[in-house]
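There are structures below to look over.
Here come two complexes built around chain A, the first alongside chain B, the second alongside chain C.
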Partner chain A sequence: MSDRLNVLKTYKLYVGGKFPRSESGRVYEVTDAKGKWLANAPLSSRKDARDAVVAARKAFGGWSGATAYNRGQILYRVAEMLEGRRDQYVREVAEAEGLSKSKAAEQVDAAIDRWVWYAGWTDKIAQVVGGGNPVAGPFFNLSSPEPTGVVAVLAPQESSFLGLVSVVAPVIATGNTAVVVASEKSPLPALSLGEVLATSDLPGGVVNILSGRTAEIAAPLAAHQDVNAIDLAGADEVLAKELEIAAADNLKRVLRPQPVDNWTATPGTDRMTAFLETKTVWHPTGSLGASGSAY
Partner chain B sequence: MPTTAPNALSDVTASDSTLRRFLHGLPGVDAVGLEARAASLGTRSIKTTAKAYAIDLAISMVDLTTLEGADTPGKVRALGAKAVRPDPTDRTAPATAAVCVYPDMVATAKEAVAGSTVKVASVATAFPAGRAPIAVKLADVREAVAAGADEIDMVIDRGAFLAGNYMKVYDEITAVKEACGASARLKVIFETGELSTYDNIRRASWLGMLAGADFIKTSTGKVAVNATPANTLLMLEAVRDFRAQTGVQVGVKPAGGIRTSKDAVKFLVLVNETAGEDWLDNHWFRFGASSLLNDLLMQRQKLATGRYSGPDYVTVD
Partner chain C sequence: MAPVFDYAPAPESRSIVDIASSYGLFIDGEFTEAADGKVFKTVSPSTEEVLAEVAEATEEDVDRAVKAARKAFEKWSALPGSERAKYLFRIARIIQERSRELAVLETLDNGKPIKETRDADLPLVAAHFFYYAGWADKLDHAGYGANPKPLGVAGQVIPWNFPLLMLAWKIAPALATGNTVVLKPAETTPLSALFFADICRQAGLPKGVVNILTGDGRAGAALIAHPDVNKVAFTGSTAVGKEIARTVAGTRKKVTLELGGKGANIVFDDAPIDQAVEGIVNGIFFNQGQVCCAGSRLLVQESVQDELLDSLKRRLSTLRLGDPLDKNTDIGAINSAEQLARITKLADLGEAEGAERWSPACELPENGYWFAPTLFTNVTQAHTVARDEIFGPVLSVLTFRTPDEAVAKANNTPYGLSAGIWTEKGSRILAVANKLRAGVIWSNTFNKFDPTSPFGGYKESGFGREGGRHGLEAYLDV
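Entry: the complex of A and B
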């Protein structure tokens, strides 16, 4: 029997590449599936949400301007770091969701694989959703996808880690920056994810993670004039409706909650394309000679 | 400290040695105490109606500034339009106090703010270094005044000040004051970031006020350390004490590095708690800033609508 005292972890928010406590100073108790106390998590206020948006906006220029190849490398690095802390996530997911060790391990492995999957998409999405559009005239036009901007993401409430990764990775893969509201009941895997992101060369502010009451944090985010889109995955039907109304004020893109039975299924590109704009550039094709087009 | 008779300070400037004796006789500054005081006043929580009042007051105190080599007449006109009507979507937003430009842009600025309450301030005296012959500096000032500047922001000769040549600095300020004539108010910039110590800032403040400054101003905004709560607090103490001794009120203008509404409100708390309510007016207190105004406007929109605003809803300067 060791005489060592327990070293308990203080879970903190992840905002702008730093680990602050909530501005409000509040915390709430997080319990495991059986109701046993696990840790205190920060209970974020609307000011934390505001600070997170400022950090995300600041990071947007650099992240959206980085080459797709570079973003892919960084996301792959995130997967590498997750792999190194696999045991920690298995424990946290098992506690949070009341899963057996092996079931939790399946979830964590699927989450890591998902990072890798989205890392590969960063420099391929443009070929899939962009394109050259022949038009009827002496012009040619080209469409390319552009990130929407700052995206507020309400992470799924039930799947605390795989669900979280499945909604965050597609948002940032295409160059958006994100303000993520973690699962209210099980925020610990999300808060730990911040520690991985901070050591993966991901620029500070690209992902900002808040824990607390989803309804309390989501309301100012949905109404915020400097948030460009919101993913309502973690909102129930009543809250989602309220938030969608608030989001309409500055014409945010809204991704409505869709029931997901099985987060391990291959997600497709929908979550990436939900937060992309299409930029179309018209090109003159030069003079048309007697034999037709000059290009 | 000298006695409180109004003319008690007139013999202070009689000669180099009396001036030096007076300035070095000023009590030393307790640096730790000053910073702690400034920091503790910064923790006041200003909310709801008080915040709305503070934001409007701060907007009305902004000297909207552009001092770049790349300033064009178009940019100065845009700045003037913004000074007159900071938030085009909300006519209740007050105008700023002034626009602050280089001397050659004064005429353009004057035209841009014509018919409004907005004043035109011009930096002069070889801003920002101040390293030019006195004749050049005075010509700089006269040109700006002739072009219609309502206020002149001069820089002191920091080299002379740091060398202990106080009389030279004094004479220069009085000469510039004379060149301003009756129409233009004179702001004296100390460049506190280059004065090294709080004692020096206190001495410079008194020196400037003795020489006839209408405003004392912290910095040019061109060096690493600009306005801080501590050096502004120190200058506010100086203007308070100066009025108590001479009956003459002098304004204060912190400039550079104030970018958020929160910072601006902290400075207003300093003003109210140190100099008093008499200074809570744009005739006696100014912010030298450019990006601050956008943040004030975004906070104002937040108070009006309840939603956090964003940079898409204010102008890009």
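Entry: the complex of A and C
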């Protein structure tokens, strides 16, 4: 054991593929489960939230237009990068959630496996939830899922990493872009996730990560006219109701908070389908007559 | 252009339908008066003739209906799906048997042409029940996991533009999945829902499974806010939809909203002009344009604008406006004085803002609520007639030069319900359809509906889908 003084990391936001501090210049003290100082995390402002929405919107066209195979490869790359930093996340999660090394390792392993799980979904969900419709007429008729757009995601407050991954991965797997509000008390694993995303070929702006007071950041996101949906996982009952009311103003798709006892359980498709639209396209089929000509 | 041949009147007989002078609320299998005895009149929009008096539901009546639905839920949801299916098949068959009667009734109460109620509304109503009947005992295979559960009592509020069809879209999937319903038809078109109550009686549907409350917006609001309602389904204006979304915030109620639209109908220079013209006419003049998915914005490629508009104007001159019961009528009456006032105001605003207004020579009947088919040209994206949903026979014409510009203009709206694409080029159809932010895209056709085909909007046109396998989700606890 040397007595070398270690180099501390300045935790920063992840917005538009860059690592800015809060424009407000504010930070707040983040401690471990026992109250020991860990870091000063950015205390994001409303302006940071709006900047993140701009970045997410800018990234939406490219990300939603990428092939599902390409999105799958990038999400798998995220898992690869996480695996390489496994020890770091185990330490961060142990500190954040007051877990033993082995319990924290279970959380991190499950989170990495979850990226792999969702990486495989990108090019399968359309076949599962879309398909041809046998209409009673001479028409080709096809329903396909499409991402709803920019999704504000309030990450779970307790499960700082596995919970976070479990709500972010399904949103972007289908082509949405996200503005993520990290766990208020334990934002460090989320802020570190930004560093992994930045080195996984994920285009800048697809995931934007903010730390700070959930209520303060969520309010402008819920009211924002260029946000299409909001996942309220990290909101308590009172805040969730307020945000749902604000979200009605442009009819955001709202995923209400649901009790989750165990984030390690295999998720269903619900967190993907909550942020999908169904587009149905019709075209006449005509009929091939003797002349061979259609419509 | 003078018609070469004149048409003799060809009215459908109204004797096939027997409208009583008054109707009560249908609660727990019985027709009853409103708690405070209040009634209101429903008129025929084409003549202003009073058709009947119907009860005006109060909050107390809403509570009574929800209680009846709750009571019925226990047994109804416990029935084997195959039994629920048979009730729905019965309903579908009875609707087919009484189809002509219901078509005439709907035309009388709504004002839309008999051609439409007979050939579009009623066949689709029966088909919808027939389709969802078949799902009732196959829910395990619908992709929502094994043995998906119903939600409970569904509160459903529907509009006046397709009264019976919207009822079918709401009630058929709700019952198939094992829910019970309280449905409020629109204030101006209550009759077909009350006749449907009689169909439930003929089908032997258990009491309380379907309850019909006539009344105005207050009854609808009370129904949606009722604490014992588990599911809210609404079709109507975006403003009311937003109010509903606020009302249900913080509850466990599941919500689907099918709201307004400002659909773009995009015509490229290689489109078959005659077919496109028919599609444009269908897109905006079907049901007097009182259609949420109407193609109310025509986006035409600049190079074919003149040719297309000439053809379109020529075609509009042949449309026949008048007695909705006449089998040759293309354009019927506007549903209410209130709606007519709204259309008139928005059209006048279009003129005031500098758009060019055109209508064919068209004689409007003296009584009733009428509005001539209307075109606006020289419309920019900033004009009110290009932005606001008019919900009437008014088409705003804009132009574009490139496919990218067409897509940008089409998507430049808070709505996202429908769009149309007219071109002979397959790859262009697919490319444009991909980029349009709308729930239903009709290419080289328009305003086609089918019970198997999911319908619903993006953005402020609402959320959730009706129709098809997708439509089941709205009524299942999944």
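Here, the second predicted complex is superposed on the first by the 282 of 295 C-alpha atoms of A that agree within 3 Å, B and C clash if a C-alpha of one lies under 4 Å from a C-alpha of the other, contacts with A are read in each partner's own complex, and residues count from 1 in each chain.
Basically, a contact is a pair of C-beta atoms (placed from the backbone, for glycine too) under 8 Å apart; a residue touches a chain by one contact, two chains touch by 3 or more.
Just so it is clear, the model here is predicted, and its values are computed rather than measured.
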{"item": "Contacts of A:E237 with chain B and chain C, given as first, second, both or neither", "value": "second"}
{"item": "Contacts of A:W282 with chain B and chain C, given as first, second, both or neither", "value": "second"}
{"item": "Touched partner set for A:P220, first chain B, second chain C, both or neither", "value": "first"}
{"item": "Partner chain in contact with A:N141 - chain B first, chain C second, else both or neither", "value": "second"}
{"item": "Touched partner set for A:V53, first chain B, second chain C, both or neither", "value": "first"}
{"item": "Touching partner for A:D249 - first (chain B), second (chain C), both, neither", "value": "both"}
{"item": "Chain B or chain C, by number of chain A residues touched", "value": "C"}
{"item": "Chain C-contacting residues of chain A that also contact chain B", "value": "249"}
{"item": "In the complex with chain A, residue positions of chain B that touch it", "value": "301, 306-313"}
{"item": "Chain A contact footprint on chain C (complex, rising order)", "value": "127, 143, 145, 238, 241-243, 245-246, 249-250, 252, 257, 259, 414, 429, 433, 436, 438-445, 448, 450, 452-456, 458-460, 462-463, 465, 468-470, 478"}
{"item": "Parts of chain A lying in touch with chain C, wherever the complex brings them together", "value": "128-129, 131, 133-137, 139, 141, 143, 148, 228, 237, 240-241, 244-245, 247-251, 253, 256, 268, 270, 277-284, 295"}
{"item": "Chain A to chain B touching residues, read off their complex", "value": "50, 53, 57, 220, 223-227, 249"}
